[in-house]
Amino acid sequence: MTSLTKPIAIIAGAGPGTGASVARRFAKTYPVVLLARTPANLDPLVKKIEQDGGSAVGIPADVTNPESWTSTMDQIKKQFGSDLTVAAAIVNVASKFSRSSFLESGTEFLDSLESTARGGSHFAKAVLPFLLQEAKNRRGQYSPTLIFTGATAALKGGSGLGSFAMSKFAIRALSQSLAREFGPQGVHVAHAIIDGIIATEQTKGFKEEQPDSKIDPNWIAESYWFLHTQPRSAFTQELDLRPYNESW
Amino acid sequence: MTSLTKPIAIIAGAGPGTGASVARRFAKTYPVVLLARTPANLDPLVKKIEQDGGSAVGIPADVTNPESWTSTMDQIKKQFGSDLTVAAAIVNVASKFSRSSFLESGTEFLDSLESTARGGSHFAKAVLPFLLQEAKNRRGQYSPTLIFTGATAALKGGSGLGSFAMSKFAIRALSQSLAREFGPQGVHVAHAIIDGIIATEQTKGFKEEQPDSKIDPNWIAESYWFLHTQPRSAFTQELDLRPYNESW
Amino acid sequence: MTSLTKPIAIIAGAGPGTGASVARRFAKTYPVVLLARTPANLDPLVKKIEQDGGSAVGIPADVTNPESWTSTMDQIKKQFGSDLTVAAAIVNVASKFSRSSFLESGTEFLDSLESTARGGSHFAKAVLPFLLQEAKNRRGQYSPTLIFTGATAALKGGSGLGSFAMSKFAIRALSQSLAREFGPQGVHVAHAIIDGIIATEQTKGFKEEQPDSKIDPNWIAESYWFLHTQPRSAFTQELDLRPYNESW
Amino acid sequence: MTSLTKPIAIIAGAGPGTGASVARRFAKTYPVVLLARTPANLDPLVKKIEQDGGSAVGIPADVTNPESWTSTMDQIKKQFGSDLTVAAAIVNVASKFSRSSFLESGTEFLDSLESTARGGSHFAKAVLPFLLQEAKNRRGQYSPTLIFTGATAALKGGSGLGSFAMSKFAIRALSQSLAREFGPQGVHVAHAIIDGIIATEQTKGFKEEQPDSKIDPNWIAESYWFLHTQPRSAFTQELDLRPYNESW
């Protein structure tokens, strides 16, 4: 255990795609903690970040499980000292997208809502004390920032999309409520509406006919970084990100 | 068991206040089924409706429990025949309103979301087949209608209101999604944003200085009845209800 | 000139379609004043209302012209006495709908905005003193009501729809501002989002393949009447009206 | 007249405060054209930009006047060649903010709407051909960008704020419509909701008790610059900017 001079960044949902891009972007400035349910996702990302000269720790964690948070935070404190502060915390937990008839859906209908809401709120509860600490001590250059990844379904329900939309509406409600509570204490809480397919390994083959029709995850990361750099006189609470040719 | 010529109405959350007013309004036209967790709320309401010449059945039920729904629906079918159809179903399950610091809230933080989301979606799943049946058979005069009771917090989070806002945002997402899925099949799905204190026994003493500053629950009921009477060429998906002097 | 015991209703934009339906609905209770730019639209409507036992006066008027308002209000006062009060005032001035390339549009681009905004605000200014008078004196049974007819484009711009959307957004802004200013004085200000094609002579032939796919203007009228009957403890500021099978 | 290798930026409303900050930010990369009604505002800003090593041209212009646009664009073409392209165009035309009783307002009630709507749409019409040209030729590094400055009143009317809200709603409608029409052609159209008092000479003395309670105009400029740098796979259409302790 070493005493820390720098604040850290924590990324929940550090899977391939957005999570990895965000982790690599924030690792240019901060030591990053990567949380993911699947440990296999963590190792290559940690290695990549270290190769790029950054510092990263991967911790397998089920962010939806309140008990697992105690042990996760213990591991983080063990690593960085109990006086650690958090400069940036990003929630990138995917809500399972599925379009299915409401009446044919089973008990899984509420799974997405419950895991997203639990993941989002437990994560926020775990990291906010350290974000507030950073707001007081300001070891880093920028206002401490908590960002939630949302989707178009945060604004509008859809036929067969009830499960997904409930998740995304709820996270937006959480982000607005936390922004209003913790903004005045200097913590920047933001919500990003990602409206479009993200360009990842899994989405290869989709929308290939027109270039740049899928969102570059590195630019989600740049946008999150930009949000992080905003001073407290000019916080953005919500922005959307959408390919130029997406209809909406 | 009698074979039914009339469709029925089902009110979930038939407690005193809005639930009771809605039940009495719809009982002027339909036999009503009243669901409430607290049996003590049901008897006086059933009696009142019968005194007024209506027909009512009270069934104690925990609408958030998927298992209890099977037995609830069995009781309803036993009463009204398995070929029953539903003209109106109203979800009036209160989300617990509490304003509290996010960091001081405990595991109850998500209770409101989970019970509201479960209550709303289980209820919708249980009644939609009978609403669709009514859309096909049209025993009643009006388009079958499913109404969700919402609140201002469905549109806007607030400091210390995360739990409540998450519930209300989620129900709004559900109502929009169901409207888009079942509207084309002739079921009218609506969401009412109740913005203000409702005049009930419990709210006596609040806002007494200016008359009519609290929402008359009988007018929530009239508004729901109006929604129910709209023909399918002119469905309202969302309306708000607010005292004239409420600031918003 | 006769002294008036009843309050009156004024309908701006009493053309065929919505305006005529609204006029006939309100004429069941109030003497109505019908304003339209085209006098030819007024006579048959006045006749129809009188045949149905109502009382109507048609006044050719350009509602977008502030000077013409003085003479219009003079005519109304001459007819009904200068102590007249207004129970309901409905703005149904069509914004010209056109979808056209922004760069190919000429100076007419802003015509729709300017005429709609002028029409809406001049009308509101002319009638509000008489609505406020009715709020004080209450000759009629219901809260005095000012209703603006809006459209989906009040919520969302569209490619080639800038002109129309600017009009509709602006009217919505006006209705919200007036609701917040005059609601506490007892005047009910509402905005209706008409989302779909209205069934009129001109729209015959559209969407005929599915019954009830166009909004019945008589039901716009019923919905406006319903808004008018709401007591001040439960005013609706905004509702939408949409055919069951409209996608949105 | 020299043939241009670089695209230019045009700022409409280059007064002190936001306009000046935006001009200086974009002048780090592009020659800038500054438009303002008051010539006195232009000279010191042009000088300042040139001192900082940038290049600026000030043109006195009434952006709300369609005729004056012809001469304005002629002057710009004379300066930069008729094959000029525009990398960024920013509309920063202030809507006059005034809170006044609707019934006491005179003919000026619609002035703000008309000048804002005219200014915004005439400006957009004048610059879009050159933004489209830049989208095709790409002399600069970034996607050509058209940004509209908005306010909270773009989302919500207020008592006594009808005039201002109508302006801001209308500009938002325009920005959404243009984004949907010109986004697919590679032009990034964005709308920024500035929610709070901007720290300028005129607002000295307001909200001084808490530091950073007013929006730093340089950070509005940074946020606009950030929007400009987003690649077309990840355009932001709307973001808000608000001091950390602003209630909303």
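Per-chain residue numbering starts at 1, and chain names A, B, C and D are given in the order in which the chains are listed.
Note that in this section a contact is a pair of C-beta atoms (placed from the backbone, for glycine too) under 8 Å apart; a residue touches a chain by one contact, two chains touch by 3 or more.
The UniProt protein names, listed by chain, are A, B, C, D = NAD(P)-binding protein.
All figures in this text were calculated on a predicted structure; none of them were measured in a lab.
Q: Provide the labels of all chains in contact with subunit A and in contact with subunit D.
A: none
Q: What's the distance between the Cα centroids of subunit B and subunit D, rounded to whole Å?
A: 47
Q: With centres defined as the mean C-alpha position, give me the subunit C-subunit D separation in Å.
A: Computed value for the inter-centroid distance: 35 Å.
Q: Just curious, how far off is subunit C from subunit B if you go by their C-alpha centres, in Å?
A: Roughly 32 Å separates the two chain centres.
Q: Send over the residues of subunit A in touch with two or more other chains.
A: Residues 180 of subunit A touch two or more partner chains.
Q: Using the definition of touching given at the top, classify the network of chains in this structure as line, ring, star, complete or other.
A: Contact pattern: a closed ring, each chain touching exactly two others.
Q: Taking all chains into account, which pairs touch?
A: By the stated definition, chains touch in these pairs: A-B, A-D, B-C, C-D.
Q: Residue numbers of subunit C touching subunit B in their complex, please.
A: Subunit C residues touching subunit B: 143, 180, 183-184, 186, 188, 199, 212-216, 219-220, 222-223, 226, 230-248.
Q: Under the touch definition given earlier, write down the residues of subunit D that touch subunit C in their complex.
A: Residue list for subunit D touching subunit C: 66, 101-103, 107, 109-110, 113-114, 117-118, 121, 124-125, 128-129, 153, 156-162, 165-170, 172-182.
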